[in-house]
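You will see two complexes here that share chain A, one where it goes with chain B and one where it goes with chain C.
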Partner chain A sequence: MAAVEVEDLTRTYTTGASKFRFRRNGRTDRQAVKGVSFDIGEGELFGLLGPNGAGKSTTIKILSTLLLPTSGRATVMGYDVVSRPTEIRRRIGYVAGGDKGLYERLSARDNLRYFAELHGITGRTQRLRLAQLLETVDLADRADDRVEGFSRGMRQRLHIARGLLNEPSVLFLDEPTIGLDPEASRDLRSTIGTLTGQGTTVLLTTHYMYEADELCDRIAVIAQGRLVALDTPGALKKGVGDRTVATVEVRDASAAVLDDVRALPGVLDLTVTSTPTSHVLEVQCEDTASLIPDLLRILGPGLITRVDTREPTLEDAYVALVAQPAATAGASL
Partner chain B sequence: MTRNVTRARTLYLRTLLVCGVFQLRMLLQYKFYVIAVFVQPLAFALIQFVMVGHRDDADALANVAVQAGLMGMWTSTLFGSGGGLSRERRFGTLEPVVVAPTPLAVNILAISLATALMGVISMGVTLLLGGLVFDTPMMPERPGVFAAALAVAVLANACLGFLMANAFILYRNSLVLTNLLEYPVWVLAGLMVPAAFLPQWCRPLSEGLSMTWAGRALGHAMSGTGEPGREILWCAVTGLVCLAVALVFLRTVHDAVRRRATLNLI
Partner chain C sequence: MSAARRLVAGLRVTVVGGALSYRALITFLSPPLFFVMMIASPFFQIVTFSLLGRYSGAQDPDFYVVGTAIQASAMAGIYGASQAVANERAFGTLAHLLITPAGRFWIMLGRLIPTSLNGILVAVLGVFAGWAFLGLSLTPSILLPIGVAAVCASTSCAGLGLIIGALGLRFRDMYFVTNAAHLVLLIATGAAIPLTLLPGWVQGMSQVIPMAHAIAMAQDAVAGRPYSPMQSAGAELILAAVYFGVALVVLARSERLSRRLGTLELV
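And now, the complex of A and B:
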């Protein structure tokens, strides 16, 4: 049995229904998830990767029984998310990114105690588990301080401890490293590794490619509510193996010039990172050798300071995947 | 099977109590709320004392003190439950609470219970004030009955608060409700003016409200007259009806919340 099964899942949000807001036509519907299917095996570490608004959190919330799907089917540990929420809730941990979700005026330990009670974990078991979790997330020395004074990273770590209270079979992590410093992120990644080693199934969303690359057994890339790829990190990288990336740094590049670059034959995608003094263009193409003369010609007047070529990373694979449906919207700039 | 169910139930009772204590601890940290719970019944009691003070009727005075105390209890429950839930929403704790396997009802009931318990402070305050103003300690003639009536009043209040808290989960603008519901309940329960003055058509409403029975039972326990036992029973019955309605309603709320996705919106 797969730990998580998702079949043709959709979810539509209806917004603007409030009578107190002035809207010409009242309600608007937004389809956030548009028919997603995947399975996660027991003990697997599965990554859900995608840009903001892709539908990652919506999918995770449906699986954690916070939201009902609009159509399709999903099960967690064999239980249906619509009809058996309580069975699922006993077996999962849910960690949302961000700094909300805690009782500000209670200490870290009391926050955990509160939720331990809601999980029916009491007495000695509770005391031991709390102590051990506070140790794991490195909050033992601040355990009795009120959460209202905690930094974002500390809150995030407390969320993670809470998600582990019931020793879940499936752990849902929605952008768990958001707001963590590099060291804490690394610690968390090793904690996650330990958990999957012990047989916990983990579904993780992130938009940090290296994180997914390092951690995940398989990755589903989701863009605008649709699954655009589902494979191991290695295979995803191979999928763009016939591409290379040319990086050009210029002082000056107008929108018109960028359009010219995009229009060059063989250019698959262009991302631009701008600082006040320079622009870094990353051009994904089939063959850099034939493209570079053209790039130099078009960008030459903008004062080129660096030209580079390299093999694709997972990040490039990701950009290539999510850029496809969004290409017309100019989402890559 | 049956044993499992019983075990689950006792577990929830424990959860309810522990979470209630945590909620109470959090409530006590909101200074303005605490001050309101102290000051408001004082003001009501004073006004009422001025109105009946000249009658030199110890029973009437004691009754007035008790009614003012109950008004404070309703206010603390109403604003506490409303404020408690909007706080949960602001903190973003509703989502983790819903994801936990304990029914959402337990957590909300814990909030309502804690706020109703604050009402005991109101009752103490008005009785103390009465004693100070009129220089005779306000002691119930039947302390045991009084204590029982007070306990049942707190529980029944919590049930009514719980019923409203459901609306607070569903409708983000429901704080308006809080402000709307303070006076009607005072009036209907006969806390501001005796229920006998109410027009005939609102008698059934009044009789269906646990607060009405709590007021009568507490008054009678103070004066040692009437049949407070029967009134306590009615207070409990109306409170339980309220709880039952709320539990059915909450099931709908839980589904609606999962459909509408407004839990984490402020």
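And now, the complex of A and C:
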């Protein structure tokens, strides 16, 4: 049995656009998830990637019973998200990124204690599990301090501990490392990595490609509410294996120049990262050898400070996938 | 899970969870805020209506002291539930709360009981303030009916509060409803205005809204008029049962509606 099954899932939000709230006209429908299907095996660490507003969090909220789907079907550990939410809630943990979601005036231990009570974990079992989780997330020495004095990393670790309180079969991690410093992120990734070793199924959303590449067994990429790719990180990278990436650092590049670069034959994608003193152009192309002379000509040799070429990463694959028009991207599955 | 174990688990959520959530969510735990919100504000309401009553000569000041003290106590139940849900939204904990399998009724009850107990404390303080500053004639024979009235009114108001709190799962701006309920109850329960001075339809309404029966009993006791504790307290508790029953239905429907409309995380 798959731990999570999603079949042709859609979710539409209706939002009021009118300033005068009594008016019903002016309401608009926005389809956040459009016919998404996938399944996750037990013990699998599954990544859900996509740009902001792609439908990742909506999908997680449907699976964790916070939202109802508009159509389609989803089950978690065999239970339907619409008709059996309580059964699902007994078996899942949910961790969201960010500062909110904790009781500021309570200590870390009391935050966990409260949610343990809500999960029906009481007495000696509760005491032992709280102590163990606080140790696991390295908060044992701050267990009795109020959360309002915690750093973002500490809060995030407390979120993780809460998500694990009921020893969930499926853990939903919605951008758990957002805003964390590199060391805290690395520790968190290490914690997440050990969970699947213990048999927990993990569904992870993240914007950090290296994180998905390092952790995930399989990755689904969602863009504009549609699933545009689903495979292992290695296979996704191979999907753009016919490409190479030329990195060119220039002191200056106007919009017109960048348009000229995009228009060059063989250029598949261009991303630009700007700093106050330079611009770094990452050009995905079929053949860097034939492209570089054209790049030097257009960008101006006097302005170029560095030229590199490299093999594609998961980020390149991701950029290529989400850049495709959503309507045609389904064909890449 | 057997029914008995479910009941024990539910009671734990109410008692242990309620105590923790009270510490987590209620803003007046610091002594200065507690004084302002729980003592000064109700006290001045009691004083205002008592002095207005004395000035108008419509009723004996005792009428207003007892009525507004019980009204102030019972409102804690209504504000408690809506404040709890609103604070959960503000802290971003509402979604985490609803992802747990705990019974929503037990969770909400845990939010109501501490605030209702607070309310009863306010009633006691209000009555003693009336005795100390406004000349309320406190005799042992009236303490029991006042106490029973405060407990019954708090219970029925907690039922109404639970309905408002449940609606808070669907609608985020429930303070308007809470404030409106406060004013309606202040007027239509006979707490601050004798019911005989109000239109017939308001008198009819007072029979089905919380507090009116309990307040009437306490006012009769203070005035030395005959009263029937079984009838008044019984009517108030029957109303409480009806409100709690409605609240259970509203709770289930509001949660489902909020899942359908995606309103759980709106702040």
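As a working rule, the second predicted complex is superposed on the first by the 314 of 333 C-alpha atoms of A that agree within 3 Å, B and C clash if a C-alpha of one lies under 4 Å from a C-alpha of the other, contacts with A are read in each partner's own complex, and residues count from 1 in each chain.
As a working rule, a contact is a pair of C-beta atoms (placed from the backbone, for glycine too) under 8 Å apart; a residue touches a chain by one contact, two chains touch by 3 or more.
Keep in mind that what you see is a predicted model, and the values were worked out from it rather than measured.
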Overlay on chain A: chain C relative to chain B, clash or fit:
clash
What is the contact status of A:162 with respect to chain B (first) and chain C (second): first, second, both, or neither?
both
Would you check which partner chain A:105 touches, where first means chain B only, second means chain C only, and both and neither mean what they say?
both
With the two structures laid over each other on chain A, which partner does A:272 touch: chain B (first), chain C (second), both, or neither?
neither
Which of the two partners, first being chain B and second being chain C, lies in contact with A:140: first, second, both, or neither?
neither
Pick one for A:184: touches chain B only (first), chain C only (second), both, or neither.
neither
Considering only the touch criterion stated at the top, classify A:292 as touching first (chain B), second (chain C), both, or neither.
neither
Now for A:122: first (chain B), second (chain C), both, or neither, which partner does it touch?
both
Mind sorting out which residues of chain A both chain B and chain C touch, each in its own complex?
13-14, 61, 64-68, 86, 89-90, 92, 94, 96, 98, 100-106, 110, 113-115, 117-120, 122, 162
Per the touch rule, the chain C residues reaching chain A in their complex are 9, 12-13, 16-17, 20-21, 23-25, 29, 91-93, 95-102, 107, 256, 259-262, 264-265
Which stretch or stretches of chain A touch chain C in the complex?
13-14, 61, 64-68, 86, 89-90, 92, 94, 96, 98, 100-106, 110, 113-115, 117-120, 122, 162
Listed in rising order, chain A residues that touch chain B in their complex are 13-14, 18, 20, 61, 64-68, 85-86, 89-90, 92, 94, 96, 98, 100-106, 110, 113-115, 117-120, 122, 162, 166
Residue set of chain B touching chain A in the complex reads 11, 14-15, 18-19, 22, 25-26, 29, 91-93, 95-103, 106-107, 173, 255, 258-261, 263-264
